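Lettered A, B, C and D in written order, each chain numbered from 1.
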Amino acid sequence: MTKSGVKKVVLAYSGGLDTSIILKWLEDTYGCEIVTFTADLGQGEELAPAREKALKMGVKPDNIFIDDLREEFVRDFVFPMFRANTLYEGQYLLGTSIARPLIAKRQIEIANMVGADAVCHGATGKGNDQVRFEVSYYALKPDVKVIAPWREWEFEGRPDLIAYAKKHGIQIAQGKEQAAPFSIDANLLHTSSEGLALEDPDVEVPDIVSKRGDRRTITPEEAPDQAETVTLSFERGDLVAINGKPMKAHELLAELNRLGSKHGIGGLDLVENRYVGMKSRGYYETPGGTILWYGHRAIEQITLDRGAAHLKDELMPRYASLIYNGFWWTPERVMLQAAIDASQGSVAGDVKLKLYKGGVRTIGRSSPYSLYSKALVGFDEAGGYNQADAEGFIKLNALRLRILAERDKKRGKNE
Amino acid sequence: MTKSGVKKVVLAYSGGLDTSIILKWLEDTYGCEIVTFTADLGQGEELAPAREKALKMGVKPDNIFIDDLREEFVRDFVFPMFRANTLYEGQYLLGTSIARPLIAKRQIEIANMVGADAVCHGATGKGNDQVRFEVSYYALKPDVKVIAPWREWEFEGRPDLIAYAKKHGIQIAQGKEQAAPFSIDANLLHTSSEGLALEDPDVEVPDIVSKRGDRRTITPEEAPDQAETVTLSFERGDLVAINGKPMKAHELLAELNRLGSKHGIGGLDLVENRYVGMKSRGYYETPGGTILWYGHRAIEQITLDRGAAHLKDELMPRYASLIYNGFWWTPERVMLQAAIDASQGSVAGDVKLKLYKGGVRTIGRSSPYSLYSKALVGFDEAGGYNQADAEGFIKLNALRLRILAERDKKRGKNE
Amino acid sequence: MTKSGVKKVVLAYSGGLDTSIILKWLEDTYGCEIVTFTADLGQGEELAPAREKALKMGVKPDNIFIDDLREEFVRDFVFPMFRANTLYEGQYLLGTSIARPLIAKRQIEIANMVGADAVCHGATGKGNDQVRFEVSYYALKPDVKVIAPWREWEFEGRPDLIAYAKKHGIQIAQGKEQAAPFSIDANLLHTSSEGLALEDPDVEVPDIVSKRGDRRTITPEEAPDQAETVTLSFERGDLVAINGKPMKAHELLAELNRLGSKHGIGGLDLVENRYVGMKSRGYYETPGGTILWYGHRAIEQITLDRGAAHLKDELMPRYASLIYNGFWWTPERVMLQAAIDASQGSVAGDVKLKLYKGGVRTIGRSSPYSLYSKALVGFDEAGGYNQADAEGFIKLNALRLRILAERDKKRGKNE
Amino acid sequence: MTKSGVKKVVLAYSGGLDTSIILKWLEDTYGCEIVTFTADLGQGEELAPAREKALKMGVKPDNIFIDDLREEFVRDFVFPMFRANTLYEGQYLLGTSIARPLIAKRQIEIANMVGADAVCHGATGKGNDQVRFEVSYYALKPDVKVIAPWREWEFEGRPDLIAYAKKHGIQIAQGKEQAAPFSIDANLLHTSSEGLALEDPDVEVPDIVSKRGDRRTITPEEAPDQAETVTLSFERGDLVAINGKPMKAHELLAELNRLGSKHGIGGLDLVENRYVGMKSRGYYETPGGTILWYGHRAIEQITLDRGAAHLKDELMPRYASLIYNGFWWTPERVMLQAAIDASQGSVAGDVKLKLYKGGVRTIGRSSPYSLYSKALVGFDEAGGYNQADAEGFIKLNALRLRILAERDKKRGKNE
């Protein structure tokens, strides 16, 4: 007997073993019509096989959606996030988090198109992704039904899943019968690795992770002995060209990834705080994003006013947490984005970065809108800066502290 | 005729040409008794000559103060600042800024001891240091008279100064007749270079700066081809041992400097926003501080609660600006310090860092107070984490967003 | 058959109908030993009957705990909160929220004393109180079992509860068979009313609520035509005397309640955002707290430095949300409290307030530690304030904006 | 001999004695052409006489500018500020501060029109207004020359000024020879009183201030014994109608002033922290603004999402300080405004307020965009709120605290 109440579900479907099992389980459990949605976010896998597999699993051709979202991903999610110089917990570039609101948005759009009443994702019950997907679903389609198989089904471990797959004739790729020693999530911005092989935070990330075949970046030790200088061009806070060559947003990020990977940039071993409450250790590879972060900081150094820069820095941790926790589609994220975007109008110009052995060093920045240019230094002579002004500036800034010290002296207070 | 109103002044005196000229100028201009104060903050210069020079300039032996402040500097200023993972404008470790409040404090203590009514510093009229010194002076001794020669005297350039020095028989070391192509500030935490040779932010820091004889760190390209792993031990948020060897605070920082310098760590080319209003380009070398920053972040990763960690990250930019601007001796800095320190009680344990070609990578962390340990993961079984809880967690976190979406749907709002 | 796994439970027991039903239901459902805990937080009910009722319900004398927590409540919870001038969503004095962490703390202390493995509260499943209690329980005793009857039992409405009570011989006071048109929570700081009679936020709070017999404050219209002036004395940020008369903390608050109630002060009709996601309308009566808020603001006006004052104002909304949401026993609340408390050392002196027809007006403030006193104004003459300083102060504060305007002019930017 | 370097100056000219003296002094001192600018911001004085006086002082007709800025003032400055529920230091509605950027903007526009190279204001050298004017001037016209007569001239007190006026045939209105016991600033939003009669913060505001002829509001004691209910209608966060009657922005504020004044609303006795460093005591009358503040809060209660509401509350103190300090025309104020405005799209509906004896009480609010409406409460049944969800919500919110408590227990830590 099937669970009731779901007529048509849009499943985020990769074509892999896990989501294939989910597809079958949805049919078994809900007896509903199934629509698959497979997105290209630059994870580096071919999508064509996903169509074949879905067809083979019995999904109707009209119910198979395969979308290339790479440009939208970088243009509307990655770049806006980098405008804020976003780092979660001081170090993490949020590569997984930032992809979730787009996947959820597209999934809901498809649900609306095909008249589906439910959506389903393959995230586990202990991680952040379930939150990011589901909060986004609800924010975009408040009456949607959400199916989270990993929290619902009765399978108790890998063997149960494999048995179920075999029973239903689902193809099991070689080596997939055993649980992987670590799990991977990838998109154009980054690759994250988590799990068994990484579970002791006192043991260095093992080679099977950091030197695996499909890694995103090499280790600094493997990188060339020769530094390479790259020039990034920005407009309105966004990257628009590399070494003078304009490209689409996703092409720019791909090119940065190529450069970063070549020089061993962007590997990060981190223990972070999950929104669901526990600490988690991951190994993140964000070669292009790391370069972009330094580049954006560098162009802001000469084009952004101090007041705007400091306000941005103060708002950033909050903004980062919202993205990490899955609250992209919220009024408060929109408010912060409005503030951030309002600061970026003149964040334009060129930045020169030196890439070497895992490091990114700013070595030059120029801009038609520079607040540092010699013409502006010359401004001084026209009265912009008069050394004598410093005295008054200091005196009035210190006045409250002098009054305070006078008071405390009278009081006999020593602190 | 001398300016009136100053009887005895405490001068921050390095023994160099500039402060020697100031010493003479003070006598000439104010006709007051002069007390010199020379501090060892680990800038790497011998202090003994300063005494000789002061004597030669006619300062009374009892009026010469030479203090080794290195331990106090690291213990009471550098370490508290690193508890907050402090970075100004996202990248700068505040090496110059953090030394100023201590120098000012000691200068005022001496003024109180010797009954001086004035203090004098040698910072120029366009920089931040004048603010940092003077705001600190006023906060600690509200009725003090402050003499800032660079803002007061009539000398209009280097030739005037040199002429004055010659006229008064002040010894001029070789090469000091011309203005230096860049100026340097140094202490145990860092060395900063600023000025002419660095004034075009689009031109890479030249070798005369980055490869000068007394540099604090080498370039990544010069560093050894072999990575080195170092273990840092923390207690209550402060570094207490390196590779298992406990040392005093200032010895620890010196050892980190040695390690960082060897591996080309801690060079930073930055354009920053000065408190007095303009942008400024500097080259900063903070080898030990850079390692310490990564180490402290790493130990916090496993020992600090998420709520505390995120609050710290949100408060940090404000705290950094206060230090950069010279407001160490203020109630608001004290308040922020109280909050930060209240979070550090269990920030203890060992961190393993890999140093290589300018980079610092965390490769392990352990702690008796870990919030990540296996014992705590085992906690799950006792009911700590139940996958089913995630559904309620998500549903209630999403509730307001569902209500909002329902409202906006009715309204026909598309955004 | 009873649920397993609970041996001894500490129940927050008021002696009323609802918690009596819970007591019985616990026995029936869990078959465990029951300990009752009844606290006097100044809610205005006699506690003696609670003992009688518990005995009658079969609780062992040693298992009945009745504690007068009024002093601890005001001294360690209410006063610390008022040091921050705390208001939730700009207007609410958090009267209910601030009592919860104390009740939870005492309940856990008792659980530890008697060796109980579980605690139970009577808060419903739609409100904030369940969160506040349970988060506190878990934070103080991580392995405790929490029983929340309203979320667990199968009763579907008032009639089910009444039937159950009758079946078990629980005494039902007159008028209690029907659901009340609104529910009340009370303690020494405030009374809140919520529910049916208040559910339309466009309809004025009805007289059955605002003019009920046991109301905490009268309406402004009912208040005397004559204003009354009261003097509050503070030390270290806390109220210590009223009209020159020192009293214990809880006596002070009681006296402020008497004064506020007499003058119709402290009624608030509010729609607020609950932590569990929906909006809720309540009518809050906080007569003494309202007076205290104005008094504390007034004494800070003359004794608190601007830097401290502004930082406090910026931290306050976060602090208020933490308390509202039930996160008193968290590292981040402790951090904020440390910051707030660090600012209060000189917040001392006398404030005169005029009470009239619902309003509180500050009409005077004085302090031995005033930062405003004439002696300090006289300080000006000694050089504290020189009008000429203003020019430099303005010029350097404006410098970055001039550079920016110059840039934008060149750019032809009109905004 | 006149000071050199100024050719044409735009003077903010009220037509009163002080600015007439300034007009003459400018001629004498700078020998430059003078343009007068008189603005109507609703201060309640006739402007026609200003033209007559300027002509009589010898100003050319083409050089006299008299502008009615009331609508622009309320629409583009007051209303945007109230969208943020702005209060400086918890209580002050910023009536003086918010007028300054508009006056400065118009003055600079006129300077650009007439080709003036300088501007002049009549604010004193100890207050905030000089900062607000001059920072705005510089931000809008970076090369402008600023003349601040009160900081420049040699007059040492009132008698000097009067003598100068007499010498130059400037008409002295009766009673103006002596310094006023307090000074007043007025516009459509408020009236502020400061000075001698108010200088002891422990003495109640005297009747000559609070009961003067041209006061903006009466005292609560004088107000009618009958409460009055008023309905305010909002669109996109701004007031659009009173009691159902749409009016222009400045007419709305005038009508609120009439209502507030009638009921004794909006008087505030405050000691605040000036930007120039000292504390200052003022008496502020903001009758309409006070009503508007409560009205805006009330409509946000039902139409604004929690996330947006809390973020706004956290940003507000910073935004208030920017306005108070005179930094309206800055990137950071623009950023905050962008965030605030992005939250106001659905802040629309009606609010009922009861005005009585100085108090404003919200008694009802309704909105087509309510997030509270019964239709949305009904939403629950469709799965919006399930009591069982609360358990998971609480458990995961508490998880980090349980882990922490477990750790601290092991550690033997008692705090």
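Worth pointing out:
The working rule: a contact is a pair of C-beta atoms (placed from the backbone, for glycine too) under 8 Å apart; a residue touches a chain by one contact, two chains touch by 3 or more.
Chains and their UniProt names: A, B, C, D = Argininosuccinate synthase.
Bear in mind that the values here come from a model prediction, so they are computed numbers and not experimental data.
The chains that touch both subunit B (Argininosuccinate synthase) and subunit C (Argininosuccinate synthase) are A, D. More than half of the residue-numbered contact pairs at B-C reappear in one of the options A-D, A-C or C-D, namely A-D.
Centroid to centroid, with C-alpha atoms defining each point, subunit A (Argininosuccinate synthase) and subunit B (Argininosuccinate synthase) lie 32 Å apart.
Chain geometry summary: the mean Cα position of subunit A (Argininosuccinate synthase) and that of subunit D (Argininosuccinate synthase) are 42 Å apart. Each of residues 142-143, 273, 276-278, 305-307, 310, 318, 330-331, 371, 379, 384-385, 388, 390-391, 393, 395-404, 406 in subunit A (Argininosuccinate synthase) touches at least two other chains. Subunit C (Argininosuccinate synthase) meets subunit B (Argininosuccinate synthase) in the complex at residues 142-143, 273, 276-278, 304-305, 307-308, 310-312, 318, 327, 330-332, 334-336, 338-343, 379, 382-384, 396-400, 403.
Those residues of subunit D (Argininosuccinate synthase) whose C-beta lies close enough to touch subunit B (Argininosuccinate synthase) in the complex are 305-307, 345-346, 368-371, 376, 379, 384-386, 388-393, 395-397, 399-404, 406-408, 411, 413, 415.
Subunit A (Argininosuccinate synthase) makes touch with subunit B (Argininosuccinate synthase) in their complex at residues 85, 89-91, 124-126, 130-131, 134-135, 138-143, 148, 150-151, 201-205, 220-221, 227, 267, 269-273, 276-279, 281, 297-298, 301-302, 306, 309-310, 313-314, 316-318, 321, 329-331, 352, 356-359, 361-366, 371-372, 377, 385, 387-388, 390-391, 393-395, 397-398, 401-406, 409.
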